[in-house]
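You will see two complexes here that share subunit A, one where it goes with subunit B and one where it goes with subunit C.
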Partner chain A sequence: MKTRLLLGLPAVALLLLFFVLPYVEMVAMSFRAPASGLPFGEGHTLLHYQRALGDTLYLGALGRSLLMGGVVTLLCLLLSFPLALHLSRTQGRWHVVFFACIVSPLLIGVLVRNFGWMLLLTVDGPANRWLLAAGLIERPLRVLFTPGLVVLALVHVFTPFMVLPIATALRNISPALREASTSLGAGRFETFWRVTLPLAFPGVQAGVVLVFVLSVAAYVTPALLGGQGVALMPAIVVRELIGSFAWPFGAALAVVMAVATLSVVAVFTLLTQGLAERTRA
Partner chain B sequence: MTQVDIAGLTKRYGGTLALDGVALQARDGELVSLLGPSGCGKTTTLRCIAGFLTPDGGEIRVDGQDIVALPPQKRDFGVVFQNYALFPHLTVFQNVAYGLQVRRIAPAEQQKRVAEALALVRLTGLESRLPRALSGGQQQRVALARALVIRPRLLLLDEPLANLDARLRDEVRWLIREVQQQAGITAFYVTHDQAEAMALSDRVAVMKGGRVVQFATPREIYQRPAEAYVARFTGEANMLPARPAQRLAEGLWRVAIGETVLEVPGATTLAEGASALLMLRPEALSLAPTGVPARVLAAAFLGASQQCDVALADGTRLRLQASPHLAVAPGDAVHLAVDAAHAWLMPDIAP
Partner chain C sequence: MTAFLRSLSAIGLGLIYAFLLLPLVAVVGASLTAGEMMRLPPQGLSLKWFGRFLGSETFREALALSLQVAGTTVLVVVTVATLAALCHRALTRRLGAAFRVAMLLPLLLPELLTAIGLLFFLNHLGLGKTLPGLQIGHVVIAFPFAFLAIVAALEQVDPALEEASASLGASGFETFRRVVLPLVKSGMLTGGLFAFIVSFDMFTISLLLKPIGGNTLPLALFDFLTYDFDPTAAAAATLSVIFAFCGVVLIERLVGLRRAF
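Presenting the complex of A and B:
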């Protein structure tokens, strides 16, 4: 027993140092008084939360961030399920090739990837030239710096986080279950609907939580591809912290965002816990 | 009312021939076992019948209709799997009702039929449990109920007892037989356990290398095996090389084993002078005051009987089931009596 505790110590120390302490410090910071010329002043105040929760500018940005997270998650899920199904049923060399394709968005740095999108989609970029040449459009599309492109780019990069847990869940389904289902009279579609889909749920739940949290908190991609029009929560937090040097207010906004995200995740997890418990292998 | 005729079934995996012309029949209400070691093709045959595999050649006729082209969901066969294959996210009730829901049977009728099926396998009261909350024996009984509730034309069982411990195995084995007989369902039963096959089946198909080497009643495959492979697979057997010297009548031969001349029943396919094997089951030999002289090598007292290993004068080793009342010890000189009526002469085919 003692050695086991001892073995766990490094992990606990690591978590404390890099996870718990920074959060505690951030929460503490959000209650500090503002100051001019300095990141924060003497004393404590609830002022920042009043401001963060009382201003439609911030609440609107928070709402937009959560909404965008939801849209990205949903699109990711729709796109990823067929991919995961395919990945879970390929074997040998093709499995490796397909796996590499799935994780490819993660193999490229965030700046390079987004710069690629910019080059591809500028008004006189290759995408527009091809579409014009093919006669599919009459004038160049203006997709760069639109919320739609931000969603597209986030779906692209977060797809692996959805595909991999779902594929794992699908691979854990015994082929005998599908055979049992067909022997009992269910066709392919009915078997998918009654057996495969529900049993993939643990993977879906994990993927949804991951992608949602990641896309709500995404900063670089919206900043590079979204232009000035759409103000999302992470951008505002960064502006307060670095631009205005208002650490306490930035911390308060960050806490509000984190609490909001976690609440959504908690509600989703609670609502789906019954299904997840039943279907966990 | 289901009769099955399988003829010339072949299946190839890459370069290896998994099924090499399997032929089988099952009469109405019969339980037919497919018996053999792993890799003999028994499971492949069953999967072809179920429709999970498409054979490369041959036909499977059910009541005269060839079903090879029919997908499994159109066959109406109940399948019981080795690892139960219960749907883990569905309750016992939902598992059993699955085939009825798929058939769009009215809910009231579903309730009634599920209750009947669960009563049949003695699981009434566990309807709302999830499979993971059941023991292995209970899970396999749910699987049996789930397969029976659709009133299948054919029941297919793939080593249904393999994952159960010895005590449960006995219990579920008799339940399967009882239920199959009660419902009068024609059934195919895959197993590698000869005792299981003998106890349950109306007929047993012993398989070797993708072929059926003998298809007969349990008594026949045990007492009149077609070749040494069948004899060894169905139980303990002493094999003595012999030469059928003279044909006395249809299936009756005179053979010489060393100095001893015996008149024994044998296969009709034998020819005079051809090389053959004489099978003596341990229970066809006994210790006697006079007879073939032998020396005891080992003796094990088993309570109801006594297992003796003996050597003949020429060094041939035999195993016999001796009466437990006669104490013997290694080194003792004894005499053997041969119950020639329960010996069996068969062609010498390489195993």
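Presenting the complex of A and C:
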């Protein structure tokens, strides 16, 4: 038995060395002094945090990133719940087909999926031509390089991350509970509202936290589809790191973004704790 | 009334599934055009843009680097994840759950933050902007995917089989090689497939950690999309769609999709 536990050592070592230590290094880097010509200098300073928290440029970008993360999460939830419910109610061969439809986008790079939206929504793309032909619009819509398209593409990227935990939670609900509710005289809607939804809540909570954390820090989609107009936090961080080689300041911005994201997650978890606990009782 | 509601919800679901799949269809469609422009629907069908893709030195070099990194990632990740999954199996329920969450952390935290930490840390070790550094980043991010698949496969193995093997006098390693290994082989293959696909498509880690002068395929594709816009890009992207499709079919054959996720 002891020897079996030793088998976990390589994985633990891998993650300690190349995952935990890098995060520690990131925090340490954010206190380093800047230097000209080099990514960072000697000595320590709190200057970067003062700059990051004192400038409306960075606070504005942080606010926009958090807001966009929230909108993306909400839209993902609205699309994912019906999908997860549908998935939990189909059986056999069709179940596998629908399941494949939901998870296969997960196996395709974010870049490729964003590129698909570019193709569909360009000025002379099929969406515009179809809308023109149907007479719904008078001139082609210019959606490329707008925040709306970034939100749409991010919802597309993260929907599978929301469907999977909700579907797992729904699958674990015993059908007997629904039957009991119906036989006690509850309607279909009431059963859904008072039995299914509360029992699926842990899945919803997990999905919401995961999608929010990932979408606030998403870099590729805004970089490709967002254009130069509105700056979001991840783009600013990357620009500081590989554009201006200001590593300590970039690290400070990254830490600020991570702490802000975690604070929102903590507040959300506390606010919904009651709902989650009701299902456990 | 119920019939009306039912058809309404069917239409709604159909639209959501279309939303999920349309961009993929668009990419494949655009790559098959016989015309010179990136347009949908394609103007005539041909495979010439795949030829142009393979004829482009930039793309060929990027593809070679991506395949090399993904191949190495698979070998490392499957070995480490199999060992970790065996350890996970030996733990108590509570400890096992904690261990599992710890192993999944690189998947649960944003790739961008991990990439930034690794950028600093690898530089500290003298591995900044090198191929081994890039390789380490890919291994860390791909690891949880393989771990999940192998743990799922191991859960299907009845512990009684191992006990029987041990009570018949087999050593721990012998039991692993002759009883457990044949039963989890498909899980390891699935884990390897996941790791390959994740590494092949990885963007942010590669952007921050790429070696000087080296580009992976997603990076080359991003540059191409920002500066040029012809169907070569669609051909490059279609490659990723094909890998994913083969992956889904293989996983379904090997262990069943449901169990792998």
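As a convention for this text, the second predicted complex is superposed on the first by the 266 of 281 C-alpha atoms of A that agree within 3 Å, B and C clash if a C-alpha of one lies under 4 Å from a C-alpha of the other, contacts with A are read in each partner's own complex, and residues count from 1 in each chain.
Note that contacts are C-beta pairs under 8 Å (C-beta built on N, C-alpha and C of every residue); 3 or more make two chains touch, one makes a residue touch a chain.
Keep in mind that what you see is a predicted model, and the values were worked out from it rather than measured.
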Subunit B and subunit C placed together on subunit A: clash or fit? fit
**Prompt:** Touch check for A:L199: first (subunit B), second (subunit C), both, or neither?
**Reply:** first
For A:G185 in the superposed arrangement: first (subunit B), second (subunit C), both or neither? first
Note, angle between subunit B and subunit C viewed from the Cα centre of subunit A, nearest 10 degrees, works out at 80
**Message:** Looking at A:D55 after the superposition, I want to know if it touches subunit B, subunit C, both of them or none. Which is it: first, second, both, neither?
**Reply:** neither
Max touched-residue count on subunit A (subunit B vs subunit C) belongs to chain C
Thinking of the overlay built on chain A, is A:L15 touched by subunit B (first), by subunit C (second), by both, or by neither?
second
For subunit B against subunit C after superposition, the smallest C-alpha distance in Å amounts to 14
As the complex stands, subunit B meets subunit A at residues 50-52, 71-73, 75-79, 81, 83, 85-89, 98-99, 102-103, 130, 146-147, 150, 156
So, in the complex, the side of subunit C touching subunit A is made of residues 9, 12-13, 16-17, 19-27, 29-30, 38-41, 79-81, 83-84, 86-91, 99, 102-103, 105-106, 108-114, 116-124, 136-137, 139-140, 143, 147, 172, 194, 197, 200-204, 207-208, 218, 221-222, 225-226, 233-234, 237, 240-241, 243-245, 247-248, 252, 256-258, 261
In the complex, subunit A touches subunit B at residues 174, 176-177, 179-187, 190, 194-195, 198-199, 275, 278-279, 281
As the complex stands, subunit A meets subunit C at residues 1, 3-12, 14-15, 18-19, 21-26, 29, 39, 79, 82-83, 86, 95-96, 98-105, 107-120, 124-126, 156, 159, 164, 210, 213-214, 216-220, 223-224, 234, 237-238, 241-242, 247, 250-251, 254, 258
